[in-house]
Amino acid sequence: MSNAIIPLLLDSLASAALIFFAAVGLTLVFSVLRVLNVAHGSLYSIGGYVAASLCLFIASRQLNPYLSFAALLFSAVFVAAIFGPLIERSLVRWTYGKSEAVQILITFGLFLMLEDLQRMIFGVQSFYEDAPMRLLGTLTIGGVVYLNYQILLIGMALLVVISLRLLVNHTRLGRLITAVVTDREMAQSIGIDTNRIFILAFSLGVFLAALGGALATPTSGIAPGLGADTMVLAFAVAAIGGLGQIEGAAVASLIVGVARVLAIYLVPSLDAVAPYAAMLVVLLIRPYGLFGSMTARRI
Amino acid sequence: MRTIVAASAVLILAVLPVAAPWLQFVLTLAIAKGFAALGVAVLLRAGLISIGHAMFFAASAYGVAFLARAGINDLGLLLILSVLAAALLGAIAGLFLVRYRAIFFAMLNLAVSMVFYALCAKLYSVTGGTDGMTVPVPAVFGVVLGEPTFKSVLFYISLALMLLVGLAIQRYLNSPLGHALAAVHSNEIRLEYLGIPVWAVLLVAYVVSAALAGLGGAIAGFAIGRVVPDFAFWTASGHLVLIAVLGGIGGVPGAFIGALFLELLHSVAVTVTDAWNLIVGLTLIVVIMFLPQGFYGLFSRKEASSL
Amino acid sequence: MTRPILEARGLHVAFNGVKAADGVSISIHDGEFLAIIGPNGSGKTTLLNICTGYIRPGSGSVLLDGHDITHLSPRAIARRGVARAFQIPQLFSAQRVIDNMMLALAAKDGLWNAIRPLDTGARRAEAKALLDLIGLADDTDRISSTLPEGHRKLLDIAVALALKPRLLLLDEPTSGVSALERFPLMEALMSALRQRQITALFVEHDMDVVARYASRVLVWNAGNIMAEGRPDQVFSNAQVRERVIGVA
């Protein structure tokens, strides 16, 4: 029993870790900018496409295969540096202070555009280059074989949670971010450059999404439609945890991972629906997620 | 004056396919999508954006295919039953969804529709997977028609339904219930203090909008002769949102004018580029950014919140 | 004495340790026009929020006609004949003034009619009459967000009146209303209350208004009632004069 369930659990947690990267970026951007970027999932798949292209290039030139690890990280930084400031400045900034309906429509329009652009640039075939996964090999404990790459993914997710918490609680930038999150007007009035904070936070969110996409290429590959799937899954995870909650997203990823394992055991054909079922159950009991709350308007 | 404009517009629509037969299919599809976009526009009144309404469009088209497979072969009956099915689905989803606003509402609609899409594509033995299901030519008032004749009849029935249903929706929006719906966007607290149950107002609107999308889906199914999971795909929902936003200024006719405009544009655009969603997304952004303020009150901020 | 319409018993509520109600009990009887005065931040609005079910008290209960309504929603309490006008007007700001009024009138009866329009001749006439009464006759077709603050306040009160309540709660009805319009507003309000036999409770800062119109005054301070009585009694209380009215 455990021989079968532990690899399955590891597998589920590894894929949950990938969604976590996207979800935590989404949640971070939401808490700082108060904008939910509907195009966030597209940045995940763009990160994946860039990483896959680089890894395939490295393989085709027969360069040192360990370069592909650097390529994964570089892709995320690259996508964040290009798309973060670009999108924040051109579209998202325009929506500050406007109604949420406008924010949804603008970022949804961007989502449609980005998905089509990817299809035009990268075509409709899927990208898959598993050099990084092969290089790391496997681990055998008690006769059960584990993929080291999956363990790495889970480790990285933990690392992201810890780093973000450290960033927010123990750095100057973190204090500035906290000030902006707590009271935007107040932060502005004491001279904090909120526009800079917004660009930084948005780009960090893009980085996390693109990192997820890049790390996904060696395991699941990148195919058209991934951006939309990721967006909805990332939202599901962020919603389960409570929008704006970093640790909430981590706990929610665990829940989604475990839900998937249960689904594979109970109703294998519906494993893809498991995250949504988990979301439905959580939201029916707690409408704004495990750690979220909706404060009533003062009248 | 307005009635004259409307009447002449409908007359022109009615004779267009006689002059240019290829337009008949495009126009039928435009009316079908106009119904669905009108559904999205109804919710937009309350400031709620559904980016998953293609689900109801698809559900009803699948409904027609299933009912036809089960031996029901009458156009009227198929339309009524499939719209009811969409409305029922809307009631079930709505019970859960009308608790939410803004981004939660939008994203949860998207999520529900993507689950629906995934199920349609995966459950091969039931839905035929990505191949979809055929929608056979039904009998019209007991008369069995050839396919070309049926398509013409379908077009004129759709045109008539557009008028009838459009008027009914206009009435609904002008009724106390319709005004309460628009008021949800302005001030829910005042609504509650008037003793008006906001959730019920929204649930009615949600069911109406699902039924409208369902009517559109059934017509589209008949016009195309097939239903595939892509009917429910999120990009299809995106089109509906764009049409609703485009037509927003024009009220009920706006949805149909927007749909007509977009379908015509689409049939031209596909001959030169396959970047259709790029165009849709860009148009959406441009329309939102450069439209004059005040449109549907979407731009208006909520009441001040302080002591 | 008859049973009170509305009664609050031992209400406690605190926000982050700050007590906005600290064991308050009040009651209001048929036909009264009860004024509540007190410094800003002393918890007057909070009391109205509790009495209308918008927030739940930490402890204590609210009774309407002797029935416990502490845990009912604002909607359920409104349905039982309690209407409220807000300190900050709560309007349908994107809608016209007349539509705000007609929707309030329809809320009472006829909301579930999706066939007849909101704008029926009879309903419009009734709305117009109320707008005339309250002094908004010239603003009928304006979008309510474009009204000046004082007129938004008036509209908020007119909307509450349109519900034909038995009990009306008014949160600083004259604040934001110009000094010139203040007494005409109060006269109109009083005649509407008398004519329709509405009992009312109002929070007020203008002592002239209180002295002239209130049938009884509660003086509120730091979440508690520090004095109570007829206006002349209360205003002659030295403590009240010092702490609340600001004259020694």
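Each chain gets a letter, A, B and C, in the order it is written, and its residues are counted from 1.
The criterion applied here is as follows: a residue touches a chain if its C-beta (ideal position, glycine included) is under 8 Å from a C-beta of that chain, and two chains touch if they have at least 3 such contacts.
No experiment lies behind these values; they were computed from the predicted model shown.
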Exercise. In graph terms, nodes being chains and edges touches, is this line, ring, star, complete or other?
Worked result: complete
Seminar exercise, completed: argmin over chains of |mean CA - global mean CA| returns B
For this session: Between B-C and A-C, flag the pair that has more C-beta pairs in contact.
Result: B-C
Problem set entry | Separation of chain A from chain B, taking each centre as the mean of its C-alpha atoms, in whole Å | 32
Exercise. Using mean CA coordinates as chain centres, what's the chain B-chain C distance in Å?
Worked result: 43
Seminar exercise, completed: Taking each chain's mean CA coordinate, chain A and chain C are separated, in whole Å, by 49
Exercise. At which residue positions does chain C touch at least two other chains?
Worked result: 45, 54, 87-88, 90
Problem set entry | Two or more partner chains touched - positions in chain A | 299
Problem set entry | chain B residues counted as touching two or more neighbouring chains | 189, 300, 303, 306-307
Exercise. For chain A, which residues are in contact with chain B within the complex?
Worked result: 36, 38, 91, 94, 97-106, 108-117, 120, 228-229, 231-232, 235-236, 239, 243, 269, 272-273, 276, 279-280, 283-284, 287-288, 297-299
Problem set entry | chain A-touching residues of chain B, taken from the complex the two chains share | 44, 47, 49, 51, 96, 99-104, 106-108, 110-112, 114-115, 118-119, 122-123, 189, 234-235, 238, 241, 245, 274-278, 280-285, 288-289, 298-303, 305-307
Exercise. Can you list the residues on chain B that touch chain C in the complex?
Worked result: 171-172, 174-180, 182-183, 185-187, 189-190, 192-197, 204, 297, 300, 303-304, 306-307
Exercise. Which residues of chain A touch chain C in their complex?
Worked result: 296, 299
For this session: Please give the residue numbers of chain C that touch chain A in the complex, ascending.
Result: 45, 49, 54-55, 86-88, 90
